[in-house]
Amino acid sequence: MSRQDGRAPDQLRPVKITRGWISHAEGSVLVEFGGTRVLCAASVQDSVPRWRRGSGQGWVTAEYAMLPRATNTRNDRESVKGKIGGRTHEISRLIGRSLRACVDYKALGENSIVLDCDVLQADGGTRTAAITGAYVALADAVAWMRARKMCPGDPLVDSVAAVSVGVVKSTPMLDLCYVEDVAAETDMNVVMTGSGAFVEVQGTAEGAPFDRRALDELLDLAVAGCEELTLHQQEALGR
Amino acid sequence: MSRQDGRAPDQLRPVKITRGWISHAEGSVLVEFGGTRVLCAASVQDSVPRWRRGSGQGWVTAEYAMLPRATNTRNDRESVKGKIGGRTHEISRLIGRSLRACVDYKALGENSIVLDCDVLQADGGTRTAAITGAYVALADAVAWMRARKMCPGDPLVDSVAAVSVGVVKSTPMLDLCYVEDVAAETDMNVVMTGSGAFVEVQGTAEGAPFDRRALDELLDLAVAGCEELTLHQQEALGR
Amino acid sequence: MSRQDGRAPDQLRPVKITRGWISHAEGSVLVEFGGTRVLCAASVQDSVPRWRRGSGQGWVTAEYAMLPRATNTRNDRESVKGKIGGRTHEISRLIGRSLRACVDYKALGENSIVLDCDVLQADGGTRTAAITGAYVALADAVAWMRARKMCPGDPLVDSVAAVSVGVVKSTPMLDLCYVEDVAAETDMNVVMTGSGAFVEVQGTAEGAPFDRRALDELLDLAVAGCEELTLHQQEALGR
Amino acid sequence: MSRQDGRAPDQLRPVKITRGWISHAEGSVLVEFGGTRVLCAASVQDSVPRWRRGSGQGWVTAEYAMLPRATNTRNDRESVKGKIGGRTHEISRLIGRSLRACVDYKALGENSIVLDCDVLQADGGTRTAAITGAYVALADAVAWMRARKMCPGDPLVDSVAAVSVGVVKSTPMLDLCYVEDVAAETDMNVVMTGSGAFVEVQGTAEGAPFDRRALDELLDLAVAGCEELTLHQQEALGR
Amino acid sequence: MSRQDGRAPDQLRPVKITRGWISHAEGSVLVEFGGTRVLCAASVQDSVPRWRRGSGQGWVTAEYAMLPRATNTRNDRESVKGKIGGRTHEISRLIGRSLRACVDYKALGENSIVLDCDVLQADGGTRTAAITGAYVALADAVAWMRARKMCPGDPLVDSVAAVSVGVVKSTPMLDLCYVEDVAAETDMNVVMTGSGAFVEVQGTAEGAPFDRRALDELLDLAVAGCEELTLHQQEALGR
Amino acid sequence: MSRQDGRAPDQLRPVKITRGWISHAEGSVLVEFGGTRVLCAASVQDSVPRWRRGSGQGWVTAEYAMLPRATNTRNDRESVKGKIGGRTHEISRLIGRSLRACVDYKALGENSIVLDCDVLQADGGTRTAAITGAYVALADAVAWMRARKMCPGDPLVDSVAAVSVGVVKSTPMLDLCYVEDVAAETDMNVVMTGSGAFVEVQGTAEGAPFDRRALDELLDLAVAGCEELTLHQQEALGR
């Protein structure tokens, strides 16, 4: 079963995590999953949203976007259209929820961290690359805060990574690139903690509905993929 | 393990599907899952979106919304705010994708069906009730079209139903009501075809990440729940 | 002079007022004028708009909307269009003004009541049905507040009801249904108090301008219609 | 019964209608009702809205707006707020409907006339001044079209004028200025044709509901006021 | 080198500055540069934007807009389109910056002045007319404030005027009207203080890029033009 | 006169132009002026805006934006705010106008090129870096088109580069970084062609108005700076 770029079905694309890619942010990472390139910037704010004030607890949120020419044909800017599309909303919410799974709000204190994930070049798996990279940016921002004694404790209770899996021409495959994603009958995004538990499982029958066995095979691939991505994150962080 | 309304963990709330609830729509259903009440209206249009024209194929889409006082405290209208929130976008997209899983676009011809799912009263599971009810409204709209010979074939290749499951106080439970949903550590929405395959699996760790066993138990509950909902749909349709 | 549904020119359609139609709102009513069905929900808030603060006085406001398939052909959602249309604005303002005519702001204290009037099915006269039903929802919300001793006095100084009248094929008629409304040369909406005074008189020459005699005849019909609607309201409220 | 500016209750403020006030528009009028000053511009377009195409019939529409400092305190621009308020919508619709009452769409041919009514200075009665002035601008635009033989016939079948009336301190009064408008218990805007028929009657109980006799007295005042305004229009048009 | 209206290349159009054109504003001016007519209203507010609070310093800002039929063909309203165009934004910012060049924020105290510049009729040079007129409105508003002892000192340290220049058919010309502006190869707007210094120089090659000599000739023309406009301002202000 | 980074007053920051930085665009450049980093992507479209159709001529336009954390503190996204700010509009328009100065529309044929300039990291001079980089991306896109014989001729008649200059602490300086820009009394952006003519000159008195001599000194610096940038562009393009 050969893939267009010669990978084995259970093989990730080359992963590259570059820390400190922009100078202003408290944490910043350029993450690459093959041709997918996402710039993740973590911004620390010493305040929390209104509904959170006085709770002694912090907040983590995320915004995802694509540059107009990250894709093969140009997309109009959402700022020009004057509204954010459903897909953008959905992915921003997913990234935020995923990262909050490894955060202890009390240890963070009444501070916020915003994770901006901007896709500079897209080749499938942009949301999973964003989550994987954003965790590293988050870790750097947390280190920055702790060096300044902004947090009452250690807000990071685990790590988080994500990968896409899918059934392409009846074969379950790991980390789909764009052409595989388009051809996939079933597509699943899986977010896991470094300790091996699930944070999100989002499976969608793009073509035909799928049975329990396909679901299980995809989960097996994803578990292995997330483990490998966790190692990449640890290595990038020098652990 | 008692639930607040006395149900067993694997028990659905009372399900009620009332067809023809409004007179103008080609198909309309008031679906009730306990205290959750959603009005689903199917509107037939003899045209397709621009990108679909000339393909000989149809399209099915959905829009989800909540009345301001469907919930315990009043929510501002999205029309007044001037934009649709991320949650609304996400659910509208989910409903559309789910129903398209049982549609043969060629047999539909170049026609569209829009499914409007408006929550009149919310008590948890509004998106799964919406999908389950919308299928019945869709079936009525398709019958209306076929009676007028608008379709080249039978556009409905299967049925679709959905249910929520979750882990509440360490117990996996079927069809969460609002207070259970809020208390759930893990929350999953599962959409299945009448023939027993998965269309969507969306599991989220609200509190703590979950392991593979919890995932499997939730899927078991959901499979049984969707089977039962499929029976309710068939009964409502007089099959 | 026969009407399409066999009514006499001075006859209302069947009126039905169902209280407590949804469970969360402090007052809620499903009001039906023949095929027109409007869900009116009254939401109590223990605060007032900014410009009203510190005055010791309350406020009552209304929002009107139509479900997309309340009408014969589907209308796009105003939330999707990103703005509220002129007609919606106009009717929301009319409903709010009408109900404020029976409210004593001081007796209400610094509390607000929002009346959401959502048209589930439209067959002419949606704004007059909304006003007539919203009064009953308002009365229930006020009773709810008074049971909790939220108000310094009795905020309801009168009742309010509304009806449409029009000249169709040269005949003045009461409570126009949709096909009559479309055919009307002149169309008038009249809002009155239970004690028989006018709150709003809005007459429009849809086809040809009208003379003083036609205006007088329409007012006579409307006065009688509002009296009858007031009785329906009293009966629904068990008075 | 003295009014603040010394007028009798049944007396209009000084009316001034200046034609050709701006050079680009096919018809333009600066209309003044005392301190209220509205610039009315009529723009001819040789096309009609999409829903009107191929009908052989024309269309007339209006847009009303206020400059930010037309009023005593500055109002934010609706363009800056990004949306049009309910009051603006309501008045634009009223002006459009009013002027359409004197137009024969077939004689206009498939052409449109847009009437822009911009309030430069406001002192009560801006909508009635706008209607009264817009008719004159419309007449000039129609003359411009007829000189170019753009219309199959004479599109103006009558003239239209409007005035406000109200009950202030229990006295019915004609053509309220701002301070009277604010103090009015009842407020009514009446639009009439030059031939003496009603186009719009919009009466509102601002303070206390009103009885039939007050309504009749206000209508009497309005009829006389509109007759006088019609003479002003005729004089301005040199008839 | 004759111009279409017979002016010499270095000649301004007739300038007319009418103070107190509307009654509500603290300062108001109708400024005319030939056929260009702009209404400038200065509104005093005893507060400053949030970011300025507690600084003891004031703020001056401007908003520019055009009536829909100020131009030869009608433009849609920005309020109806729901957003402000780039050109409007750009000119509003230019006017605000220009006027702030003659203001001492400390002497103004924590007060704001908003300058609304609405183009009633456009014939080229609307932004330069707006700046020139807005200065006079600003001076009147400042006098109004000083009469009420609202300012700790004299906030006006200089005056500001502006003019357009351009190269038309290879000839540098002062104060372009619309047809010249359209034909200009190079177009420059110059804002200067009454004391002869530059506040803004904005030159644009509309057709072909321009050399240093053309730039110098245009600046010479602009300097003389602004001097003359300054005299008009002084005269209008009775100095 | 030492600058904070040790440069001479007439010295550019290190300039780096990396072509082909993203894979999908027909031309793409990462341009760096010291710490300012802008990604410029040129997208070719075989169509023109509606108003240009049938003219046989092409069009070139630009959109400028900043990532939220390109700056020292995070800025809210314009897509989230739902509207584009004045500064963004202004710069997008400047970039488009500047690049059109070197384009022969007829030689381009009825094709469009959109230049997206996204600031990844900002340290002053983002608009001038964007113009300078966008020209190179444009040249690559034109080469791509010519290789496919899409253009009737050579659409590039010249090159375009831009630089900022300003007076800081009374010293005229070239290519201001952020801290210099903030401190500048006068700030000017100059766009020039490779052949040495001016395309845009935009000078603004940020602090005190400036005299003719300061203007001349700034122009001298800018001319030299643009010449040097033109060499960088030629070198990047391998000429």
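Letters A, B, C, D, E and F name the chains as they come in the text, with residue numbers starting at 1 for each one.
The working rule: contacts are C-beta pairs under 8 Å (C-beta built on N, C-alpha and C of every residue); 3 or more make two chains touch, one makes a residue touch a chain.
These figures come from a predicted structure and were not determined experimentally.
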If you check the contacts of subunit A and subunit E, which chains show up for both?
-> F
With centres defined as the mean of C-alpha atoms, identify the chain lying farthest from subunit D.
-> A
Determine, among A-B, E-F or A-F, the equivalent of interface D-E; equivalence here requires over half of the contact pairs to be the same by residue number.
-> A-F
Centre to centre, by mean C-alpha position, how many angstrom separate subunit C and subunit E?
-> 50
For the pair subunit C and subunit D, the C-alpha centroid-to-centroid distance in angstrom is 28
Which residue numbers or ranges of subunit D touch two or more of the other chains?
-> 82-84
Chain contact topology (line, ring, star, complete or other) = ring
Beginning with subunit B and continuing through subunit C, what order do the ring chains follow?
-> B, C, D, E, F, A
Interface with subunit C, subunit D side, in the complex: residues 83-87, 89-90, 92-93, 97, 101, 158, 188, 192-193, 195-205, 208-212, 215, 219, 223
Residue numbers on subunit E that touch subunit D, as the complex places them = 22-25, 28, 35, 37, 39, 41, 43, 45, 63, 65, 67-74, 77-84, 88, 114, 116, 118, 120-122
